[in-house]
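Here you go, one structure.
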């Protein structure tokens, strides 16, 4: 196949993830920076909640890019190589928890990066956002195709 | 005055600007990247519409930062100095149309940057977003304090 | 609240912090680099004292930015994640002691970053600077509004 | 001579330049970012006046570094090469007006960078700052040695 069909998160899908993630972060009482990128690592939507750390505007985006790139959660990346890889990628690499790939039917279609809380809080917010997208897709199965 | 009261755009206000700007860009049929920053130039919200140019994700943010920094529309900035200033500011400067300060009661509280359309389209989308915020504020005047 | 009132450190207030911090560092006999940023992390004033380390001109600024971003003293930040976060934020993050938020009436209005001495010396100089501002504000309470 | 005597601007001298520059900018009614570096291009003092452009915090420093490096006013640098030199120096180069070397007895001892006004305003503020230092030195000739 010279040209192939891929599944890609749309901005509409990204909004579903973002809204659910923010609603959950508000419920937790943890202000967050939340970034969602497509499968190419390009930013789709971003929001910095009231009270979130300023510098997390950068790390949230980097976490999302890293998760889309590596197709794995950033929290599980080996930290011993982090410095080297980060420098080798022009500091585009984030080996800290809070970046989670958005996987639909076994394919990574995008990723979410969450930053400003603890590792656990960041991951939880990311996962709730992704679950919301999956819930919408399963109730409207044709939206995915 | 050692510490002073200033007005700052909140994420809630940024959402109003973003939603109105996107609605207008959709009506125009022009996909856009839209970034909104606070008065300190820190990103509040971002959205890249379906079909918008990938690189505009960067320029939209830079336009917003530049408009917040210079408290003027980026389209009116002198282009002869643009390269020089851009490099002197670590390439944080965008002297291209589409960045517009958000001014409330004479004070710049944030800025919007729009990129992917023509100069005129970018500016129009930015202005419609700002007008939406002003409309909300004038109908709920207490929301501003 | 779409647009909200916040308190921000002014350059006049930053000068009070800087002068007191320098006077104290001189008394201690410890040359320092001292940077003061506003609540958005933008540099207000800086001074490198005679004999301070050259590289501290950078770390002092980063400490101030980090303290303003995280609204906490940089000395208390977890060091195990420091490399990762620093790289994920474009090396804008400093998890080393000497950055202290400037909090007035419960609100972070800016931050000071001090570098070139030991952790304890850096923190002491930062705190003396902040106390000087608080002393001025309490004797001229209207200066804060 | 393997090791030689050089003249270098001290932080005390930099303060004289800064204070005079700020006083003049205030008189002109033009808020400015003002940076002063020593002969090695290392930042000595900085101040961002109320109302100055945020991005000028970066360009003022770059202008001062460039003026110290090239030992000439930045406004006179050839702009046709600016892009290339800027990139070749890691964007540390500013070929825009407002950077002026501080020359004492024929030797460049440091430099001042001013940004946020027009070219003419930036240069005027820089020169007034330098003149103030020269005035102090000529009335206290021993201070220079």
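We call the chains A, B, C and D, going by the order they appear; numbering starts again at 1 in every chain.
Convention: a contact is a pair of C-beta atoms (placed from the backbone, for glycine too) under 8 Å apart; a residue touches a chain by one contact, two chains touch by 3 or more.
Just so it is clear, the structure is predicted and the values come from calculations on it, not from any experiment.
*Asks:* Common contacts of subunit B and subunit D?
*Replies:* C
*Asks:* Distance from the CA centroid of subunit A to that of subunit B, rounded to the nearest Å?
*Replies:* 24
*Asks:* Taking each chain's centre as the mean of its CA atoms, how far is subunit A from subunit C in angstrom?
*Replies:* That pair's centroid distance is 32 Å.
*Asks:* Using mean CA coordinates as chain centres, what's the subunit B-subunit C distance in Å?
*Replies:* One centre to the other, that is 29 Å.
*Asks:* For subunit A, which residues are shared contacts with two or more other chains?
*Replies:* 54
*Asks:* Chain adjacency by touch: line, ring, star, complete or other shape?
*Replies:* other
*Asks:* Residues of subunit C touching subunit A in their complex?
*Replies:* Of all residues in subunit C, those touching subunit A are 40-41, 65-66, 68-71, 81, 83-85, 87-93.
*Asks:* Hey, which residues of subunit A end up touching subunit C in the complex?
*Replies:* 53-56, 58-59, 62-63, 79, 82-83, 86-87, 91, 93-96, 115
*Asks:* Mind pulling up the subunit D residues that touch subunit C in the complex?
*Replies:* Residue positions touching the partner: 10-12, 40, 42-50, 54, 57.
*Asks:* Flag every residue of subunit C that touches subunit B in the complex, lowest number first.
*Replies:* 1-10, 12-13, 16, 38-42, 104, 109, 133, 136-137, 140, 143-145
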